[in-house]
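The structures considered in this document are given below.
In the two complexes below, subunit A is the common chain; its partner is subunit B in one and subunit C in the other.
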Partner chain A sequence: MKLYFREVSVAVALVVLLGALAIFAPAFYQPQPLLSLLTREMPTLVVACGAALVIITRQIDISVGSMFSVCSVCAGLLAASGWPLVAVLPASVAIGAVMGVFNGALVAGLGLPSIVVTLATMVTLRQSLNLMRQGEFVNLPDGVQWFGLGQFAGQWTIVGAALLVLAALGLGMRHLAVGRFVYAVGSNAEAARLAGVRPRLVTFLVFVLMGALTGLAAMMNIVQSPQVQPLSGAGLELKVIAAVVVGGVAISGGRGNLWGAFAGLLLLACVSPALTHLRIEAYWEKAIQGAIILLAVVADGVRMRKEKS
Partner chain B sequence: MAKFMASAPILELRGIEKSFAAVRALRGVDFDLFGGEVHALLGENGAGKSTLIKVVTGAHRPDAGTLTVGGRTFGALEPGAARHLGIACIYQQPALFPDLTVAENIGLRLEGSGSLRRVDWRARERRAAELLSRVDADIPTFAEARSLSMPEQQLVEIACALGAGARILVMDEPTASLTRTEQERLFAVVRELRSAGTGVIYISHRLEEIFALADRVTVLRDGASVGTRAVGEIDEAGLIRMMVGREVNQIYPPSESEAGEVVLSLEGVGCAASGVSGISLEVRAGEVFGLAGLVGAGRTELARILFGVSPADAGTIRMRGEVATIHSPADAIALGIAYVPEDRRQHGVILEMPVEQNATMAVHRTLFPGGWLRPRRERSLAAGFIKSLSIRTSSPAAPAGSLSGGNQQKVSVARWLATKPKLMILDEPTQGVDVGAKSEIHRIVRQMAREGMAVIMISSDLPEILGMSDRIGVMRGGRLTKVLPGSSDAHTVMSAALGQAANGGSS
Partner chain C sequence: MNSGESRRPGWKSLLLRYETLLFVVLVAEWLLFYHFGTTTNRRGIVVGFGTMDRQFDILRHSCEIGLLALALTPVIITAGIDLSVASLLGLCAILFGKFHFDAGMPIPIAIALTLACGCTGGALNAALITTLRLPPLIVTLGTYSLFRGLAEAITHGAVTYTGFPSSFLALGQGRLLGLPVQAWVFLGIAAGVWLLVHRTVHGRSYRAIGFSPEGARFAGIPVGRRLATAYVLAGLIVAAAAIIYTARLGQAKADAGMGYELFAITAVVLGGTSIFGGTGSIAGTLLGVAAIAVLKNGLATLPVVIRMNAAEEMSGLMTGALLLVALTGSIVPGLLSKLRARRQPASPTPVQDPA
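Right, the complex of A and B next:
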């Protein structure tokens, strides 16, 4: 219980917020808008799962926003050129994975600092995309939106798939040996290496997974609208890092889990609709989200100090 | 001793008490220090030495008792006040700024505050040079601190203490990572300080140092002073008796095992990057092969070659007759090689992880086929080791960082015993652990040999090498210069380790 204090407190905060909404703004609980809200956040959730793994490994990936945009545009173009969805989906995942391979090879293979590597790929990918697309939208053919299932079924498909990813990774981190290696590498890579773990391989794979998940998330995103924006992933990196940190994943690596990241994401995502329903000016959204992040970081700092003494 | 009684002590502690939550770390300790004496402080880990030192340096506030420094009595000291009264402390790990030069490091400690003050670089250099010459250190003032060896860094620390006008110098295990020659040089500096009237509080686990250096020794046990003796009035056995409160039946368990088949054989093995070359040796099942030598002689480097951390680039390694290629620790583990590294906090265990997860870290493949963790198996394996190695932990799920040093070391050993290795390499297995844990680790090492492992034990503790080894390899300058029988005496081993350098300084 003490071990999961951070995760539990985020969950409690979320429940309190939802409870307050139930009392003061029951309109929040209309099923269709709620499902839409959830669906909109699912691509972010999938990316946040990857980001949590990256951060637990004591790395960071700030190129996810650009990767997301690239995957979205590529998938959109493929779909527009007549590829069937069953082929576009794996292609998007593969494109993401290839970019992850690139990041991972530089970080794990050459031992470069991940913040610099992914900053470079973030800028390069974004600017190349700008140059090539000139801000042009991609119009998607019929049958792509909601995977051709209609809105209701499509939304449930997306929510279900995202939760499946969350569950698989969350359980894997706890019950698979590789999951433990990720924690070990993030805690102390050299000690892990001396115990026979291959920290560079683990780091590499985590970056590849990050890329693949981004490709999947991009796919979940483009089917939600008839067009693909050229820079749909702009700012995504900050959003997912915020969610992960609020959810109790230590930026210093080795600690945290995906359930916490999920709770953190929901908490941040509920701020905006909560403001609307409570009739507070929407301008407060960013300020409140910032305060939540600050609170989480301060809580971690206080705990670290306590553990040290 | 009569010569001290003439004057008043420069430091006098009376009835010092200190508790942390439920733990009574100090229960009414009396201690005094005269100018011009080296007063050793001895005790097992957890006996209260560090707490007492921190009360003296002002890092801890005592709950009760008084400190009298230079005739003035205090209930507690602030760190600033302690420094002002001439109290300085040299820790085991020097705390210099690695990217600054020696002169800058000394300047930072000694020059007044005021961040906008103009730095007088000439005066700074001059002062640094003068202080360094007082501690007999041949170190350029413009060298970056990171380029200095550990003993050189310590000398810089001592120079700082001198520059601050320290009258009371606390030294916390200063020789833990020094070679014999470096140690002698440090002792010479300490003796000089003593004759200049400085009082030195000296903490060490090595009894022979205390006899070589100290005038008096105070033994702490369970937070209380057991007594203070003049060094001339007591012998090693007596001191150990005071420390543990019981006779430790001296000390090294006898060798019982017969050497069996050759497990490891090396022919001309070397690695240019780590400065090791031309190593040829054989280690047999059931034998403890002690690896002696000065720090920097290449012993740890050899171990890291065998474990694939810095792979060999010359020669042939054979495990049980088969030529082995070892490019990574994972390769080494697959061949049945285990390595308990020297720095257990950095490399031996993962501090944040539970004891049980640390214990199973190297056996995932066999313990969890298919990669699914099986918590019950893990727990029972860990519980077995907790019992057989008597690891003292509140629970198998407690983080390894919460254990004492000796128990962390046992967790590190457990991890490797779990792999059922053919060859066990132990690097300074008892460094910094208390006397009780030390003899337990020795017993465990014997047990390994009895079960048929080949054991290579690196140690800088000469009595330990002599007491534990069936054969002793001596390394110097990256080469294995001699292999001696386990019955050799200290003099033979030491002169082999020193070689030509016996008369000169270290380079």
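Right, the complex of A and C next:
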């Protein structure tokens, strides 16, 4: 209980928010809008899983938003040129993984700070996309939306797939040796090396996985509408980092888990509909999300101080 | 540094300095744009990069990003980072407009209050980073959202403050002694920060902290207080940048300076300040700012880019690429010294994994 205090407190905050909504704005609980809200957040969840891994290894990746946009547009173009969906999906994942390889090579291979490397790749990728597409939308052919399953089944497919990714990674981080390696590298890379883990390889693979998951998430996103927006990933990096940090993953590495990140994501995702339903002006959304992030890090700081003394 | 280095001052060490290299690159860049970006139009008037107007434009545009870079340099020297500078710029611009129009304050008082607000924003970062020992990256990521969010909340994302008196707009659009007015402000602040970082004990301690906070503490440096001043100073300079930005454009909007943090960080890193802290110079930052400003403006004058109508995208792309090159270049000295150490096998240690 004490060990998972952070995760539990986020879950409690989420339950309190949902409870407040149940009392003051019962209109929030309509099955179809709720399912739509959940579906909209699922691509973010998949990216947040990757971001959690990256942050647990004591790195950061702020290029995910740009990677997401690039994967979306590429997948959209492939689908529009007549590729079947079963081929577009792995292609999107592969494109994401290639970008992850680039980030991983610079961070793990050359030992450069990930914040600056991914800042540079974020801008380079985003501007390359702008340059090539000039902000054009991609029209998707019929049969791509909701994987051709119809809205209801499509939404459940997306939710199911995202939760599957969450469960697989969450359990893997807990029970597989590779998962423990990630924690080991994030806690103390030198100690991990002496224990026989290869920190640079682990870091590299985490960045590649981050890219691949972004490709998958992009796929989950483009099937939700008949067009691909070239700017769909703008600001995604902050959203996922906020979710992960609020969910109790320590930015200093080695601590936290995916369940907490999931709770953090849901908490932040509920802010915007909660504002609408509680009739607070929506302009406050960004400020409130910033305040939640600061609150979460302050809670971490206070707790660390207490533990030390 | 070691004594071997200090024994050979003079032209050789000056030539080998990173800043000199950057200066050469800057001059080469400028000449390149001068050659390819200057054309003569049908009436025989020179247009494009080579004109005096364009040079003043470069100077005007580089003032705001330059101020943010100046704000960031001490912070990065202490091995910290401040991602919130551009958001704080937006918030300060909005507050300035609000003070002047909604509260009806005269310009000087509004400026003073805006500067105070900038300090407060910096102080919030400083308090979270120093008293709670939180990582600067995540604190300033939080305030990055918070400041921009407050600016949007105050203006409801729609209000734009315009109609400032022309005496104020002269600050951003006029000239004084041949140079744009804000260039004088910029040079003044740059001189101040240079004095602080390079010529005072206080500024010296930033490097000690960036190199090793624990070591600095043992040397008797009040690490927390020094760090706090770096962030508060950053807030103050950002507020000044916000006022200049408002004066140049004649309007204050919630999205003022969005994305500027990237250009500022790029300028600082390009200028040779290590993102790991401990080393850096104001001269390097100024050269980095100039390199980026020339690139940004120069690209917009190239016929190819004009034909493609892609000045914004190209400058972002090139800045990102430049940052990657500068970063990759920054590990070369470390690699060289490692190689040198390997060439003299003093002790029979086995070849190590370079991790």
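The definition used in the following text is that the second predicted complex is superposed on the first by the 309 of 309 C-alpha atoms of A that agree within 3 Å, B and C clash if a C-alpha of one lies under 4 Å from a C-alpha of the other, contacts with A are read in each partner's own complex, and residues count from 1 in each chain.
Throughout what follows, a contact is a pair of C-beta atoms (placed from the backbone, for glycine too) under 8 Å apart; a residue touches a chain by one contact, two chains touch by 3 or more.
These figures come from a predicted structure and were not determined experimentally.
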Which of subunit B and subunit C A:Ala184 touches, first, second, both or neither: first
Broader residue contact with subunit A after superposition on the shared chain, subunit B or subunit C: C
Which superposed partner A:Arg255 touches (first subunit B, second subunit C, both, neither): first
Which superposed partner A:Ser225 touches (first subunit B, second subunit C, both, neither): neither
Touching partner for A:Gln32 - first (subunit B), second (subunit C), both, neither: neither
Partner chain(s) touched by A:Asn139 [first = subunit B, second = subunit C, both, neither]: neither
Contacts of A:Ala192 with subunit B and subunit C, given as first, second, both or neither: first
First, second, both or neither for A:Leu131, with subunit B first and subunit C second: second
Partner chain in contact with A:Leu176 - subunit B first, subunit C second, else both or neither: first
Common interface residues of subunit A - those touching subunit B in one complex and subunit C in the other: 193
Residues of subunit B touching subunit A in the complex: 307, 309, 328-330, 332-333, 339, 341, 346-353, 357, 361-362, 364, 368, 371-373, 415
Contact set on subunit A toward subunit B in their complex: 174-180, 183-184, 187-188, 190-198, 254-255
Residues on subunit A engaged by subunit C in the complex (per definition of touch): 60, 106, 110-113, 115-117, 119-124, 126-128, 130-131, 134, 189, 193, 199-200, 238, 241-242, 245, 251-252, 281, 283-291, 293-294, 297-298, 300-302, 304-305
Subunit C to subunit A touching residues, read off their complex: 81, 128, 132-135, 137-139, 141-150, 152-153, 155-157, 262, 265-266, 269, 275-276, 308, 310, 312-314, 316-317, 319-321, 323-324, 327-328, 330-331, 353, 355
